[in-house]
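Sharing a structure here in structure tokens format.
Chains here go by letter, A, B, C and D, matching the order in which they are written, and residues are numbered from 1 within each.
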Amino acid sequence: MSTTRPDPLHPDPLHKLRAYFAGFPLLWPLVGLAALLLFNVVYHPGFLALEVRDGHLYGTPVDLLHQGAKGILLAIGMTLVIASGGIDLSVGSVMALAGAAAALLAKRADLPLVAVIVLPLLLAAIAGLWNGLLVTRIGIQPIIATLVLMTSGRGLAMLLTGGQNPAFDRSGFIFLGNGHLLGLPFTIYLVAAALTTAGLLLRRTALGLFLESTGDNERASRASGVDARLVKTAVYVVSGVCAGLAGLVATSNIKQADPIRTGEMMELDAIFAVVVGGTALTGGRFTLAGSVVGALLIQTLTQTMFYLGVPPPIAPVPKAIIVLAVCLLQSAGFRRDVVGLVKRPIRR
Amino acid sequence: MTRVLLELRDIVKTFGSVKALDRASLTLRAGEIHALMGENGAGKSTLIKVLTGVHAPDAGTIVLDGKPIAPRSPREAEQAGISTVYQEVNLIPTLSIADNLLLGRQPTRLGWIRRRELVRRAEAAVARLGLEIDVTRAVGACPLAIQQMVAIARALDIRARVLVLDEPTSSLDEREVASLFELLRRLRAEGLAIVLVTHFLDQVYAVSDRITVLRNGAFVGEHETSELPRRRLIEAMLGRDFGDEADARPAAAAAATGKRLLEARGIGRRGLLSPIDLALSEGEIVGLAGLLGAGRTETARLLFGLEAADSGAITIGGQAAVLRSPRDAMGKGLAFCSEDRRAEGILPHLSVRENLILAMQAGRGPWRLLPRREQDALVDHYIRALGIKAPSPEAPIHTLSGGNQQKVLLARALATQPKILLLDEPTRGIDVGAKLEIERLVRSLRERGMSVLFISSDLDELVRTCGRVAVLRDRRKVGELAGDDVRPDKILSVIAHEHDAA
Amino acid sequence: MRALYTALFLTAAVVACKKTDNKESGKESGKPDPASGTSGTSGTSGTKQLTVGFAQVGAESAWRTAETGSIRAEAEKRKVNLKFSDAQGKQENQITAVRGFIAQGVDAIILAPVVETGWEPVLLEAKQAKIPVVLVDRGIKTSDETLYATLIASDFVAEGKMAAEWMAKKLNGKAAVVELQGTPGSAPAIDRKKGFEEGIKANPNMKIIASQSGDFRRSNGKEVMEALLKKHGKEITAVYAHNDDMALGAIQAIEESGAKPGTDVIVVSVDGVKDAFTAMVEGKLSASVECNPLLGPMAFDAVEKAVAGQTLPKRQVVEDKLFDTTNAKDVIATRQY
Amino acid sequence: MSRLSFAATAVVLVLLFGTASWLYPGFLSARVIANLFGDNAALGIAAIGMTFVILSGGIDLSVGAVLAFTSTLVALLVTRHAVPPLLAIALGLAIGAAFGAVMGAMIHRYELPPFLVTLAGMFFARGMAFVLSLESLGISHPFYRSAATFGIPLSAKATLNAPALIFLVLFAAASCLLHATRFGRDVYAVGGHEPSARLLGVAVGKTKIAVYALSGTCSALAGVVATLRMGSGNPAQGTGFELDAIACVVIGGTLLSGGVGSLAGTLNGVLIFGTIQIALVFDGRLNSWWARIVVGALLLLFIVFQKLLARAASRRA
């Protein structure tokens, strides 16, 4: 039924290209990831090696997923926020906040594990709700609305821990970030679960449609009976919860809270992941898969830096270059120029 | 006759695949008011934009005072003496009137703006239009009419020889229009050549000396206004003798038969619409006539809950209804097509399918997603029923022509199976063919017992389509015509004058 | 509006000038100034209450927190009015804090410089205001030693040496070492690296096969170690971490790789925080060179001497001991941090 | 409306300063005021550039990184390569301007979101700063030694030091540029409504690029000021600086939507920011995280206040 007749209204040179991009938005992020992996394999043939060590699958690919888990979780939430036409700068701070709360709760043996996990997530959800309400009710631009929590969130986290980095020894909670299940790190299952939930919710219900319509044209969506405000508020809550989960993973992973460093700059990585993944900052169409690839791309980059022995502070440079490159490739203007260069000779 | 001042000859301009201008021409003489006429999409605005350097023409020549010119930016055009007032007032709301008037031309000494001189010149400029306003006020804080005047004042402030007015009256009321025309006549006397682009025939005949008609981007003809009867003008614009269909009313004329579906008593909102009564019956098409800004759109928006009414009551199917949001309205069986397709209609980057099912899905709620097969079937049905031309249901809607976008929006509304359909300018800015198709469709809806509120600026269209026409002026209802009274001249007279309001 | 507001500010300034001037003149004459709650700079013995500003780097590690705690406790004990400022690891903030202390007319300043350079202007200011500055735990690079009263810190180079020698003895002179460096450019990172390299010179079979910055952070230590384990695999026989946090991270990574820290891979680190001792008792961490953060007593001795106008040795070294699995058990109970 | 929100910030500043003076003896002193300008010179200078960008409807996240880069570059050139300081500074400023211009060009030409481009710019500049040097570099050069001691005495004990003076001079110059030149008006116009600005003959592209170039220069100058203040170049400094700058601008009553705001407001914002910091030092008991919380709260306060004002205004119109 979806016959792709040549478009009579738009046989412009770029249409095919654009159609192709629409058809397969994952192209560029995947190319980037592949290239990076290839580069590594060339330098260290063992890069992709996998082996089984005391019952665990072991190797860099596993690490990429395990270490990338935080990034992916954030990217999921960020994708939705960006799809709604917004942005969430507070995820890093929310990570720290949830992490701090979790660590403090984990120290108290009398609390059930459920509480240690759920309460921080609740806190994160409230943080997200706060952002959402600032955006939808008071009508503050998302950047600023979330900037508020970004600046003060870490402060609150430090307030919770009194500026300390409380360490804990709560096997159940530690499992979250370090445990293994069927030979794979538990975090991978966590991410998989989060992804499937998000995927199902967005594609098997109309939520995805409502989200994309809201991001693409809020007024029109409202005039068509979509409760745009609710949609927008919801995405910030989701983003908050994702950040909270990431915070739990990070905290459990090092068996201590670190209000200052947990999630430092992660909000930017998350945004990069989403944009590199092919979701436009202008909102509307989004691709979760793309964001995941984007997150993995950035994690691979980090790993590569470790391998090459590049001091961490220099790592941002290639990051910036890759992101700009991908964005330029996705910018119509840039492609217009490129195509222009290619076409000029042919033009009669 | 006075000498030719400006001549655009055989201008061609294409956007991607669309040929917006195809050998369009326009000849201007000093000291005349020249109406540039044509249906929407005839290329009027494009021609203006070429003249003022916004677009560069692909072919054709522009000759000013015998010298060929090729303005590459509005600024260059202004320097050549061609200045423009655009349809949507183009001023910076956050800047003061003075700043707007002299933006980029501020009097400076050694690079520093001379504040006092600036204000002085600004006051002089507005005084020339007989305006008494504080030029240090922010434009955004002024009423539209004033903004319009400021825009004109700005256009004149540079020793303009050609003044282009693109739909200048669309947001003005009678008095303001009158004073604007007064001003234009004065400027004509000063030897200015004025191009007037407007939809309102009566205004054309009121003020213009000469008319040039464009159709589908091409030059159709130039006439002395006094020697061109309205009917001939309209035919020239539409490019066909629509007599038969134009006057075909009988079918639609049939007055209300079925029972009352919707009844609004004294609904209004301060600053938006003074309380009006309106009733819709089963199988009835009621027109809303009036100039832009007369309150037609506002009426529809109040009925659909896009604006909350602060007075009056609405009963639907007999029982009272509170409409706080479109969701409420849709729940009560209403559907709405906005006049502003871009801002409030399409989701540009989503597919035809998604655009089409959105409202219906919103009605079903998020959890009961319509299965894809049914979606496709539905979309297929409407594509055929409305003759929507789209490369594929999955094509982003922004790749469709205006008319087809409009049809998709209609389909979106229809897909919710409404009892009451509110259509705001459903045929604006689309080609004549699509226009007539949509009118036909609307008429067919009434046969199915749906009741339609039909808003249009095109009187003939109202006449062709509606059984009853309510007329609005200055945000209040000034009359209602039914049966044989539904004639363009009658409607016009009600719009125009106080007394013979029905 | 704007004029009004600038005017307001100027008046404020003028008023302020007067106020401070006579206050400061009062100060010169040595009589206590009740307003500022500080005693004159002539307060020799601890009889009059001292006001001391402490510009701390931040609270990034357990070690740091222990140091802060020690100084706060000591101030408490000596009835010193302590002005504490946490710079969240930013030099800009630390400088602002120090200048703030000066403006406040404190009697002395304790400064834990986050980096080695960039202190001359602000210390010059302190000197001109006749406020002695005691540097703790990290030194600064300067051509003018009179800018500070004394530096109280461990000898990071010696720490590195100690670690190296212990490792050499343990692995009898043969090791493939992974070094986890601290924050690039920070004094401890530079010196502990230097010291360790000197320490292993004697044994040609001890090689540093990889040296990466873990930024003094547990999470980075873990991530870097994981990457290096993939890269070098079983080749690695020892890890030298510039602080305990990174070592603990590395230990986690080693365990996840299936190896046994302490036996398969020897892990040696610096600082000796409580967690490190626990790890040593468990046998996972092999040794840790204590870098004593309890500088409170020494610092305030120095402060009081400096305020009393006595000249101090420019460098006061804090004695560090090395602990390993053998003696960790005995002292763990007594550790305060 | 901008007037009102400006008044509000002024009031808050006075209240803050007043309370601090009342709470902490010796707070209301020439020295503290001098410090207020001296210690926040870098922030203030960056905020000035940021004001132009935000007024034009954009945003610049790269300021902190550019600051770090420039300070490191200058230090490196002077210490390692014996380049005369003034030359090194000029070079640094030039690079800052060029960097900003390139970002502006990308934003304008390829319609990339400013947020994203400057974010990438921030990562890039930060990384490059560390490429220049991993560690903070001390500058020992007579010029810098004299710069460190240079200043205009306000009273016996208080002097406006070089950074403070640079800040004040730049502020004056920028105010003239913004409020009394065509360029300034164009900035407001572009931020007020870009399409209209274009039709009214404003060279939108040029203006935008110029604005980002200006911001880049300011950030670079902030970096230079940092070297003057510390006599060193530190690639690690100024993290999160951009957000402080934005906060100052917003607190100062400039709308992020562009077109509305003033430099005087930004000055208020900076001074409020600085007052909070010094107050915390004077108190010496509160922990530093309160600074973050308070700033966040203030940010919120002002945004909400402006929103309410805007609503009131729209009702009137």
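We take it that a contact is a pair of C-beta atoms (placed from the backbone, for glycine too) under 8 Å apart; a residue touches a chain by one contact, two chains touch by 3 or more.
These figures come from a predicted structure and were not determined experimentally.
Among the pairs A-B and B-D, the greater number of C-beta contacts is found at A-B.
Of all chains, the one whose Cα centroid sits at the greatest distance from that of chain B is C. Note: centroid distance chain B to chain C, computed from Cα atoms, is 72 Å.
Separating the CA-averaged centres of chain B and chain D is a span of 46 Å. Computed from the mean C-alpha positions, the centre of chain A lies at a distance of 36 Å from the centre of chain C.
For chain C, the set of residues that touch two or more other chains comprises 58, 86, 88, 184. Contact of a single residue of chain A with at least two other chains is seen at positions 158, 163, 311, 313. A complete list of chain pairs in contact reads A-B, A-C, A-D, B-D, C-D. The touching residues of chain D, when paired with chain B in their complex, are 176, 180-182, 185-186, 188-189, 191-193, 195-203, 259-260, 313, 316-317. Partner chain A is touched in their complex by these residues of chain D: 59, 106, 109-113, 115-117, 119-124, 126-128, 130-131, 134, 235-236, 243, 246-247, 250, 256-257, 287, 289-293, 295-297, 299-300, 303-304, 307. Residue ranges of chain C in contact with chain D, taken from their complex: 1-2, 5, 8-9, 12-13, 15-17, 19-21, 23-25, 35-37, 53, 58, 82-88, 90-93, 95-97, 99-105, 115-122, 124, 129, 141-143, 184-186, 190.
Residues 16-18, 304, 306, 325-327, 330, 336, 338, 343-350, 354, 357-359, 361-370, 376, 380, 389, 391-396, 399-401, 404, 412, 416 of chain B are the ones that touch chain A when the two sit in their complex. Residue ranges of chain A in contact with chain B, taken from their complex: 1-12, 15, 22, 204-207, 209-210, 212-213, 216-217, 219-227, 284-285.
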